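Every chain is named by a letter (A, B, C, D, E and F) in the order it is written, and numbering of its residues begins at 1.
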Amino acid sequence: MTELGVVHRSIKRADLALVDRLAPFGVATVHEAMGQVGLMKPYMRPIYPGALVSGTAVTVLLHPGDNWMMHVAAEQIEPGDIVVAAITADCTDGYFGDLLGTSFMARGARALIIDAGVRDVKTLTEMGFPVWSKCVSAKGTVKATLGSVNIPVVCAGAAVNPGDAIVADDDGVVVVPAEWASKTAEAAKAREVNEGDKRAKLAAGMLGLDMYKMREPLEKAGLRYVD
Amino acid sequence: MTELGVVHRSIKRADLALVDRLAPFGVATVHEAMGQVGLMKPYMRPIYPGALVSGTAVTVLLHPGDNWMMHVAAEQIEPGDIVVAAITADCTDGYFGDLLGTSFMARGARALIIDAGVRDVKTLTEMGFPVWSKCVSAKGTVKATLGSVNIPVVCAGAAVNPGDAIVADDDGVVVVPAEWASKTAEAAKAREVNEGDKRAKLAAGMLGLDMYKMREPLEKAGLRYVD
Amino acid sequence: MTELGVVHRSIKRADLALVDRLAPFGVATVHEAMGQVGLMKPYMRPIYPGALVSGTAVTVLLHPGDNWMMHVAAEQIEPGDIVVAAITADCTDGYFGDLLGTSFMARGARALIIDAGVRDVKTLTEMGFPVWSKCVSAKGTVKATLGSVNIPVVCAGAAVNPGDAIVADDDGVVVVPAEWASKTAEAAKAREVNEGDKRAKLAAGMLGLDMYKMREPLEKAGLRYVD
Amino acid sequence: MTELGVVHRSIKRADLALVDRLAPFGVATVHEAMGQVGLMKPYMRPIYPGALVSGTAVTVLLHPGDNWMMHVAAEQIEPGDIVVAAITADCTDGYFGDLLGTSFMARGARALIIDAGVRDVKTLTEMGFPVWSKCVSAKGTVKATLGSVNIPVVCAGAAVNPGDAIVADDDGVVVVPAEWASKTAEAAKAREVNEGDKRAKLAAGMLGLDMYKMREPLEKAGLRYVD
Amino acid sequence: MTELGVVHRSIKRADLALVDRLAPFGVATVHEAMGQVGLMKPYMRPIYPGALVSGTAVTVLLHPGDNWMMHVAAEQIEPGDIVVAAITADCTDGYFGDLLGTSFMARGARALIIDAGVRDVKTLTEMGFPVWSKCVSAKGTVKATLGSVNIPVVCAGAAVNPGDAIVADDDGVVVVPAEWASKTAEAAKAREVNEGDKRAKLAAGMLGLDMYKMREPLEKAGLRYVD
Amino acid sequence: MTELGVVHRSIKRADLALVDRLAPFGVATVHEAMGQVGLMKPYMRPIYPGALVSGTAVTVLLHPGDNWMMHVAAEQIEPGDIVVAAITADCTDGYFGDLLGTSFMARGARALIIDAGVRDVKTLTEMGFPVWSKCVSAKGTVKATLGSVNIPVVCAGAAVNPGDAIVADDDGVVVVPAEWASKTAEAAKAREVNEGDKRAKLAAGMLGLDMYKMREPLEKAGLRYVD
């Protein structure tokens, strides 16, 4: 349940070995392998291009303009975790900067996903700590009101449970429920198997119309060609 | 007419030699040369900086969340074309990724302009296939409903007819009607002729107020200086 | 007062030596040192990453789709100035390009902050003239209606008086009233003094919870830990 | 062609008797009868609920913050016309108020469709002159720069040619090309024929699943029921 | 789990008698009673003012531009239900009109909550069937791709499980987990008990500063009064 | 200066008799009389149509998600005041409901202008207490962090000083600096003098082209008529 003022210390994380298998597929493939669910809204963008991570979710729910619980969350981080921060209402404030980034990295966090703003992006980029956020904002926050850590949250339109697998790259952020990690990795792998073959055919000029045998269904659907 | 379920195979493309002359002027100059019309909305952004292309439009109209017609459009591509994709309603889905990009490149397409999302942006960047889009989204699409290829469309606020010249760079995307390509190239050239001279004067500290003889009209308009 | 059709030639600029001290702290630290006020909206983004500037504000108020006053403003620029451009209503047009950029640089301007669009961003980037703007747009403007130069304006949600200190970097843009420049620099310096120490502690694994002595106030506020 | 500075006095209007037949169907039905094309973006909202109009388009293209051409357009209005106003770039200014409304009504205009702002909405509501707009704004405009009247425009994402039929109600605004007015009216009528029967069945508790015979295709598509 | 292509026929609904107790408190009070969680984004607006409903959630997950599952959902409606419709990606299409409204009412539905568009709003208003939606759009949808019914969804930023209690009025939409319905009703009642007394005091001119005894904590927080 | 933690008790209010003269002109006319400055962004909308007020500004600056200072502001209200609430960063929370509304009314406030959300809009409407806001949201706020009362603020893009005259109606909200109230009333009156005459002429079919003598300047500007 979504409850304020609680920190859950014991969460069941997706198996990290499994989670590590997900990143190389990339977000688009993992999202397809999931059956096209679990994606965060496309306004979530990385602070620098090229980052590709997967990890297990430590969730945090924060109040608008208040990052107190970020420090509480830091203590719950284990190596391999990705912190997923949701806000109880839309907010653009910069909840996170290079000091918290230093702390999170020291705890073993791989990334931050936050449905709000981030600051010190130049330093965070130099540190190589990737953040996916709604925006960049220098505006700091107060530390006055309780939120929660490791409760189910909705972050950028996606439901996230503590311990879920998170995959993030230049295409966005996808959430893989912990119990789906294994089958998602399998499905993603299956998708990739024929990709090299397909790419080669397309590069050679073969059309998707033929490769995917779409001409007949298109005709059945009524497609007309006019010269 | 905007009609669904039709593919026009014979379109009259702007002369490619003319179209090739447009790119070097850049979008801002071409847009001015057009008389300040034909520009797509500024939310259309390139997936990587520095790309500069011109080409002839192959248009495609798609349904929200459905990229079936992208494959139909691929077959209509000729070398020098730029695919311009419009959606019947606002949609952020990732209609296009590296496989379609491979296919489009193999067909000779120079770029994709899409009023929706794109994915696999890292790979597309590595491939050097430029895309101007509304957003980046890993979310894939279905292939279930017919749209059309090579009909007039409205893409990001601009009317595009098949065969029109398209110019795109870091400043945005402009549409040059096929029959305007020649005079637009002339007008753009005329604009550029004195630019070097102007730039030199401004760099030397001359003011636009003097160079453009604005002081008198400003005074007539009533501008007051206060010390 | 906000009045149209006026150019104030004599403005009291913040002391440039003081202003020069502000940039190295960065926007986030200056904003904190100000007491968390004076920040422009986070939609203001630099046209290229890594720029960091401070300077004194020359303000300009423009009409939608009309950049006439930019040329009037150019004459009022002194070395060390940053032009801050506000529009009387929301507008995305590209008010500023490489020619005006050349002129502004020649006059000694360090940057442009504009609550509207900018164009020729590739050339401006090559010139090393930084612009923070709401968007990029190739759409040019007309020169028909008077605005004002060096009057108080509201730019991207922040009140700016001519002569105020402006600091801008990858995190955004902050306005420091001229009479606050000195104490803000002091406060920013004070904030930085212990930062190295804090960073070292956090990097060593110390928690903010302990470093900032938050455990007691969190407990008082009612935070519960659940295993 | 989209050209600035031109007024086309002779346009071919859709037959008004045909156009008058369209309004009673409402926008949703007309849009379906068109094949789901021609709809303006849903941000276009009426200034008061309950208005329902159809008419022939007099188009006008305006500059941001400049309503000069509204007065030029007024002269081109004939009884039964609806003025469709597009702006060359996004603008929220109030281009139209009760004085222009009085003038348009006197000329026989039935409504205004404007991809920008409107003001004096209380008075316009009392006058019974309906306006569909992007927003309401008290901000007035200047009269300094030429646009055009009766050229093809893109208004709120829809292409409009002078003389096209426009239908607008609480659901939005749809554009029916002049040459489609007749067949669209027929198609709309055909859609309505069985609606009463369908409504009665649904009101009696019959399911769309059965009325539209969807159970088999759903099963074929793989829908699973779980108890 | 969020899975496509599944209909759960047996869901555990919150006790309707309890749910009926929630509506009179209104959304703002219920949301406070919940501990300030469970609210949908404020862009969700009613199609007419004054509606106030509570009911049990039947959830449906739909594809962009495709309302096929609405008909599947209709069969799962029981008297007292409110249908909560989520889309797998942002979409403004009009998924629901007067025919579906007739069907839903006949099945006993009290309202529709949809994170997308609705149409036929005039008729739905006349029917007295309330809808809270992201927008109004005449654009219809296709029926081609499977979604799911009665799975957990995220609708307008709020997590909704089938059977949860929904309360909606002019202030928005709040989700009360089924197992929280009882204690939320109690908490809401407790909040209301002293409201009449408070309102009387405030109406008599007493200040919240005194009524809530805020002067001391404000002083402690450092508030300064300046004459 | 914008400073947090301060309440200014002695402010110089615009003369209320003058302020009372402004409302009947309406916002559009007052804004024109001001020289087209001082208008808040058009996203500020009234919670019910038809309200028309003017008053003197009591300003309040609040923290995101925190309405503590609303209670502090209440004490500073004098009859004839309008409270103008700005937030240090974008926030949609419902800072104000019927209890605060009761208190504000008891103190003599005429309206609230808030660049954030409001709740209990049905009750506020029944009470006849008008609010112009960015949105409606049931989400409540905390009371933990200091802001300020009666300092200069930027609200919805407009600079407001305590004591300024505020005019608000269905067209939006305009700020008249206290020292401009008299001349603005005069200018507004002058604008209205000939309006009746103009309206009569336009209603009789006279064109603005002729009434405003626009034909010659349009011709000079190069307008071409095509048959």
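Rule of thumb we're sticking to: a residue touches a chain if its C-beta (ideal position, glycine included) is under 8 Å from a C-beta of that chain, and two chains touch if they have at least 3 such contacts.
Computed from a prediction, not measured in an experiment: that's the story for all the values here.
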item	value
Graph distance between chain B and chain F, where chains that touch are linked	2
Labels of chains that are neighbours to chain C and to chain F	A, D
Centre-of-Cα separation between chain B and chain A, whole angstrom	31
CA centroid of chain C to CA centroid of chain E, Å	41
Interchain centroid distance [CA atoms averaged], chain A/chain E, Å	27
Overlap residues in chain F, where contacts from two or more other chains coincide	36, 39, 41, 88-90, 92, 137, 139, 145
Listing of all chain pairs that touch each other, if any do	A-B, A-C, A-E, A-F, B-C, B-D, B-E, C-D, C-F, D-E, D-F, E-F
In the complex, chain F residues that touch chain A	63-66, 88-93, 137, 139, 142, 144-145
Chain D to chain B touching residues, read off their complex	1-4, 35-39, 41, 88-90, 152, 154, 157-159, 177, 179-180
Residues of chain E defined as touching chain D within the complex	5-10, 68, 70-72, 74-75, 92, 94, 97-100, 102-103, 105-107, 117, 119-122, 135-140, 143, 145-146
Chain F residues touching chain D - in the complex, by the definition given at the top	26-28, 31-32, 36, 39, 41-43, 45, 49-50, 169-172, 174, 195, 198-199, 202-209, 212, 214, 218, 221-227
